Amino acid sequence: MIENDLEFAVLDSERQKRTGYPEAVYCRGKTTEQALAIINRMAAQGIPTLATGVDTELSSRAKRRYAKTKYDPLAKVLTIDGPYKEASGLVSIVCAGTSDLPVAREALLAAEFYGSKTELITDVGVAGIHRLLSRLEDLRKARVIVAAAGMEGALPGVIAGLVSVPVIALPTSVGYGASFGGLAALLGMLNSCAPGVSVVNIDNGFGAGYLANLINLGMNVNALR
Amino acid sequence: MIENDLEFAVLDSERQKRTGYPEAVYCRGKTTEQALAIINRMAAQGIPTLATGVDTELSSRAKRRYAKTKYDPLAKVLTIDGPYKEASGLVSIVCAGTSDLPVAREALLAAEFYGSKTELITDVGVAGIHRLLSRLEDLRKARVIVAAAGMEGALPGVIAGLVSVPVIALPTSVGYGASFGGLAALLGMLNSCAPGVSVVNIDNGFGAGYLANLINLGMNVNALR
Amino acid sequence: MIENDLEFAVLDSERQKRTGYPEAVYCRGKTTEQALAIINRMAAQGIPTLATGVDTELSSRAKRRYAKTKYDPLAKVLTIDGPYKEASGLVSIVCAGTSDLPVAREALLAAEFYGSKTELITDVGVAGIHRLLSRLEDLRKARVIVAAAGMEGALPGVIAGLVSVPVIALPTSVGYGASFGGLAALLGMLNSCAPGVSVVNIDNGFGAGYLANLINLGMNVNALR
Amino acid sequence: MIENDLEFAVLDSERQKRTGYPEAVYCRGKTTEQALAIINRMAAQGIPTLATGVDTELSSRAKRRYAKTKYDPLAKVLTIDGPYKEASGLVSIVCAGTSDLPVAREALLAAEFYGSKTELITDVGVAGIHRLLSRLEDLRKARVIVAAAGMEGALPGVIAGLVSVPVIALPTSVGYGASFGGLAALLGMLNSCAPGVSVVNIDNGFGAGYLANLINLGMNVNALR
Amino acid sequence: MIENDLEFAVLDSERQKRTGYPEAVYCRGKTTEQALAIINRMAAQGIPTLATGVDTELSSRAKRRYAKTKYDPLAKVLTIDGPYKEASGLVSIVCAGTSDLPVAREALLAAEFYGSKTELITDVGVAGIHRLLSRLEDLRKARVIVAAAGMEGALPGVIAGLVSVPVIALPTSVGYGASFGGLAALLGMLNSCAPGVSVVNIDNGFGAGYLANLINLGMNVNALR
Amino acid sequence: MIENDLEFAVLDSERQKRTGYPEAVYCRGKTTEQALAIINRMAAQGIPTLATGVDTELSSRAKRRYAKTKYDPLAKVLTIDGPYKEASGLVSIVCAGTSDLPVAREALLAAEFYGSKTELITDVGVAGIHRLLSRLEDLRKARVIVAAAGMEGALPGVIAGLVSVPVIALPTSVGYGASFGGLAALLGMLNSCAPGVSVVNIDNGFGAGYLANLINLGMNVNALR
Amino acid sequence: MIENDLEFAVLDSERQKRTGYPEAVYCRGKTTEQALAIINRMAAQGIPTLATGVDTELSSRAKRRYAKTKYDPLAKVLTIDGPYKEASGLVSIVCAGTSDLPVAREALLAAEFYGSKTELITDVGVAGIHRLLSRLEDLRKARVIVAAAGMEGALPGVIAGLVSVPVIALPTSVGYGASFGGLAALLGMLNSCAPGVSVVNIDNGFGAGYLANLINLGMNVNALR
Amino acid sequence: MIENDLEFAVLDSERQKRTGYPEAVYCRGKTTEQALAIINRMAAQGIPTLATGVDTELSSRAKRRYAKTKYDPLAKVLTIDGPYKEASGLVSIVCAGTSDLPVAREALLAAEFYGSKTELITDVGVAGIHRLLSRLEDLRKARVIVAAAGMEGALPGVIAGLVSVPVIALPTSVGYGASFGGLAALLGMLNSCAPGVSVVNIDNGFGAGYLANLINLGMNVNALR
């Protein structure tokens, strides 16, 4: 559909029909102009927009133009005309340490935007396992859990052994030395001994939140089949 | 609970209560005697058993002792007294090439054992994209899709752009040279541009099937909340 | 030939005779002075020049001195007295995402400079496969295709299964986390299941464009043998 | 087309129309029965077949059934009813050392099967550069060159600086220690300073030969456009 | 001291004086003859001997010659005239899974040989965290803990958050796929968020046991200073 | 205990009871506000605090608020109300080169804070082995040795062959080229032929000092059992 | 010798006796104050000094204090009171491209300082092999050759096949993408098929020059034995 | 020269003129027939031959045909009509452990064959540094030293700080776990802090011995210039 073609980007306007959700805008590696042009095109079609990797300049320019925007400077997430769906179910975002918060919040905001209620449980890394155990009741309320951790990445495997719902492991680049930019956490999560865990890319908060919502809501939709 | 302790293994008998499903038996790296002892202990407690990495000798010895066993020599999966739950919903296992079949079937058998209906769609690698597109209608019937591929690992990302359900990417060690034992496929899947994809360990068919079932059935359970 | 020797660089003035094309100037890692001196020496010999990795300062200084210059700030490519040959045939440059454009345009400008007609097809990543399929007719007009992608790098393999011409896979460093600076894309492309694909270095737009032109024009030259 | 579906494999029978050539059969990782079934299906459709990774047992069984078979035990390549096209043009396969011969011959046999005349130039590694230079005249007769090398992988870059045709770099796993199974050769080839080089997977003789033929014959086909 | 020189090995007979303990014999990579000659030389000097990587043939030959030998076929450890010191203190060897037992037992036997009381706690991986927590009282009796784990390697970090003594992390090569021969466990352990953990080489049970004993007994010796 | 919960961090106030020591504050990756809030909360509970990765701004703000602070700008370590215990025993910090000092001093300050006497022995890398040997008498006074080195990382192994106490190997990211950010040193230390060595993460001075103190003081505590 | 001890560095004043040459000062990773203090101490002992990694500030401060200084801003090498020996023999420094010059000149200046005559041969990369061949006569005059190259690193192996003297391969970090900071060049050089080649660390110009001089002059010294 | 061409190998008969020494025969990866044919061709030209990687079958067949052969089964080196030159000078081969002997002896036999006197110093690894120091006088007699070590690879750096001659570092694949097939030793050696060290490929005993001889004898030849 030619009217979706910018010079540098082709909007995937059929995406909603195929996958149930519109495209998000990944702004890292794009110029402010490019990102804004894509946002404008989506707005012109009346599609609620979630954008990640949004710096304050882009945020300001969007806010000047659009009324219903929200910007989270820690997660660098901007939404316009959100949420895409009213919230239902529950996704818990669990976070090993304070430094994992930006990525964890990106996951949370994505899950919320696409239609999930969310809860954030912070600083429950496995080095003090009782902190996690004291939140078990909360954890068990969720339909899906996103577990974000850097360094050794052990959190998702421990959680998956304690709950009966899917755990999405979200490795972060938090760490130093032999963490190799999140590689240690990624490998740890892939090798989790507990079944029920799957893994997304390092720092891919958006992907974790999107998938968590898909599982959470899919539970509604599919149960009716 | 002391009666669950073998000299070399501690059965996690509370696992069913915590996670909804009993332990599986991972037989690779265990002696036949060790594996059999664990299987016997589970049988003694009346727990239906799924074992992976089962060679023909272990399979034969189990069959002599237990009536209701099934063994798949390609996937090296043995079940006793299965399935654990009657099948419902639908999990599709999609497979890029013939050589990915052993891992794909491990996923399928795990999903079936724990309570899912399954469908296997083979040899639909992205080098001949029309083969995949011709199966779209089938794919869209599933509540969850497991996409197994070695080599370049592009299949899950392409599928995720075509369906509205979660896609579990299952990298296999099929390939040579710069596939580095499945690393290329793993990295490709982690970097998928399509949201809705998460990844399990290379050749971890069991983990993919277990998680697929968890999502599939969770849809039933949670929808009632 | 001693007059080709600068203090720090030896012009390969026989290169045209041996390979059919003059040297290009790779400016990254050279000082502005060094780059300019090499450009001047080539100009003094009347050789049309293509330079890559050209920043705006070098571009400005070249423009002040030479009349027939063109500079593309996105691709950082400068040409003087180009093109080297009049354009014939057709090279298509296909691009998975907006962020791949700088590298893709470097390929396009190189192919054009050395004698090819070109077409740029943007934002047709495999996460929305219909975008690619809708351009198939265009793609099939090309004699050679350059397919640029970061992240998972699946694009060239999918294209190669759809066309009857060589596909040059051009991995880009676009991505984050487990893309490891383009490694994931590179490995994916090397492991493509579709024959007819070969790969150049990460971000090596010049190399892809040069080779595409070589194949495109070689088709003219050799057919006469 | 359902009659192309085996239980474990789906023949891509439209492949010839889309890409100009039929599928090859990659036998590594398949059982003899699986490989044979695929070969039989292709024969039943009258498609000339090239199979790689063929061991002597598979070769014997194929020979008993089909009249017009050829088997090269060094390259492990089997052809039935070949060649697919009558030979024209010229592809040169250049080989750094004796140990690279199996992979180099796989490339040669693929190029021949699909329609190229070929020449094999052996043992011209860069440690004795005069051996290569003494064959320059031969090299320059080719329309495309495949340069196979393990260890340091320097051969393709040196050749590309001497000729005016595309060079396909074919890294082999020949070497030890820090060759890391062909990784050193692969990286060396990707970093070649000479333009006109592109690279295929380690030990992917088939891919190199197929692509070489595509470029070689494409020169005929396209020149007519 | 010349009489310590075999043709291929130089006994470090001063080692006891410098470090408090004699050399052990690492038999992997040595011929049976070489290993036996070294063992004989040590015996001739009346030094109690611990040898690792001992296969059954070497074990049998040593048993025929020396009276006071012990051989553990799982750990492949042989001792002659042990223990080197009477046991005191307590070293706990904790083990994530059954497959880690060979390496864990190598650690245990080394610690015992050099002078420690030991306890083995098996199959308490973090996927069922309650199994570990139920053994806390036992764990807290130890002066030093060796925690052996493959796969994700999370065990040592969890333990270190629960006890007040040093934890020696012992990664094992148990696992598959992205465990990369123990690399995932090694990295996980190096990145442990809990202080009090240090790491030895993959599968280095001997090193872990030796060091554990050094810390355990050092506590006796040094406290008297 | 809810009063330990900040919005972004949960103090592990039971840590002292479980492990004998309070939490330290790792400030890298936290905002100044976050770090300060955690420090304040600990101070409010009367817990002596050690913080690592403290920049001068954070240091200044802490100094304005708290009387008994010390700041080491080379090691970027801040302590408030320290030491946690009066010093006893002896931990030696040995350092291969001048550039390793920041990390070595972090180790020293941690060991001191938690209750150890310390000695720093600098610039005794193995390239001039006599420098190390001339300090042997000093080295042998320690109960535990921390050996910090970048580049080739050979120091800990050489020391461990000369002393009878545990050696904690502390790899640093000092180096260039094939040191790969400390990887070469890390691998060298993990492969040390001398038993009695264990390794912490690259640049993890805190971890090395904490563990050294644990071993040093444990010697007091446990000897009484 | 206590007067050689600075607070942060221990001069290895016996080094000249043991190895024939004094220490050099490696300034990267040291503060200007630290580097200057070491330089001053050496000057105070009348030792001619070579320092690498010297920035302009350090250079200026040294020049103000010492009369006989030389500074090369490209190589970042400073010498005081050099050369250490009068020049004899001949070391040739060969350089693949202009961007390799800083490292190549570091090698050249080190060789000169320690007592060698030198010749620099630039821009003779293997992509234009005739440039190298035209300098063969020059190359064959040297007693030792240092061959510096980034990217594919093929130069040393080609040279070693053409001359009868040792070739020191000096990989540089020049390159991009899959050069991985010089790793590709390093691996290529280690895998050189031509004997007579050995390799130093990436960008270690000093080490290459020092060793070249050692071989060059050793030839004088040892021939007299 | 056509009579040097076998079907699969081209003898580099000019090699002696260019480099001073004839080709050696690398037999790994060649069939017995291929290796023997090359050996025969060299014998026919009266060239003394050194072959590496020779198994007992090849050795036996060569011995039956040629009178003056020597075979070392540990090093797998065969020589015919050696040595190539009468021995002079002195090359010392130093060896960290017993398991490094096969590679160390390959180096020794190569150095001897090409014209050096040699001495082997075994089992002087850095874990017992006094063993090395007690051999210093011997070490200082050599003109060149080859230092072979696996595991941590620290030996060459320690030696280079003690002597005034070039040290060739020879990493071996001896080790396990994080030695990664010799990678740890290789990286350690490349990062040696002591100048005067250069490195050859893992397990490349031949290359180390050849180069050692080149330096040793070059000292004679060149001193006369």
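The first chain written gets the first letter, and so on, giving A, B, C, D, E, F, G and H; residue counts start at 1 in each chain.
By our rule, a contact is a pair of C-beta atoms (placed from the backbone, for glycine too) under 8 Å apart; a residue touches a chain by one contact, two chains touch by 3 or more.
Remember, predicted model here, so these are calculated numbers, not experimental data.
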Note to self: Going only through chains that touch each other, how many steps at minimum separate chain A from chain F?
What the structure shows: 1
Next item on the list: Could you find the chain whose CA centre sits the greatest distance from that of chain E?
Entry: C
Next item on the list: With contacts defined as at the top, give the pair, A-E or C-G, that has more of them.
Entry: A-E
Note to self: Only C-alpha atoms count here: how many degrees separate chain B from chain E in terms of the superposing rotation, rounded to the nearest 5?
What the structure shows: 90
Item checked: chain D-chain F separation of Cα centroids, rounded to whole Å -> 57
Next item on the list: Find the geometric centre of each of chain C and chain H from their Cα atoms only, then give the gap between the two centres in Å, rounded to an integer.
Entry: 44
Note to self: Report the inter-centroid distance (CA atoms only) between chain A and chain G in whole Å.
What the structure shows: 51
Item checked: Centre-of-Cα separation between chain H and chain G, whole angstrom -> 26
Item checked: Multi-partner residues of chain G (each touching 2 or more other chains) -> 15, 97, 127-128, 160-162, 177-179, 183, 186, 190-191, 201-202
Note to self: Judged by the touch rule stated earlier, which pairs of chains are there in contact?
What the structure shows: A-B, A-C, A-E, A-F, B-C, B-D, B-E, C-D, C-G, D-G, D-H, E-F, E-H, F-G, F-H, G-H
Next item on the list: Would you pull the chain E residues touching chain F in the complex into a rising list?
Entry: 15, 18-21, 24, 89, 143, 160-166, 168, 186, 190-191, 195-202, 206-208, 210-211, 214-215, 218-220, 222-225
Item checked: In the complex with chain B, residue positions of chain D that touch it -> 7-10, 12, 14-15, 28-30, 34, 38, 171, 173, 181-183, 186, 201-204
Notebook entry, point to check: For chain E, which residues are in contact with chain A within the complex?
Noted result: 96-97, 125-129, 133, 151-154, 157-158, 160-162, 175, 177-180, 183-185, 187-194
Margin query: Touching residues of chain F toward chain G in the complex: what are they?
Written below: 97-99, 101, 122-124, 127-128, 130-131, 174, 176-179
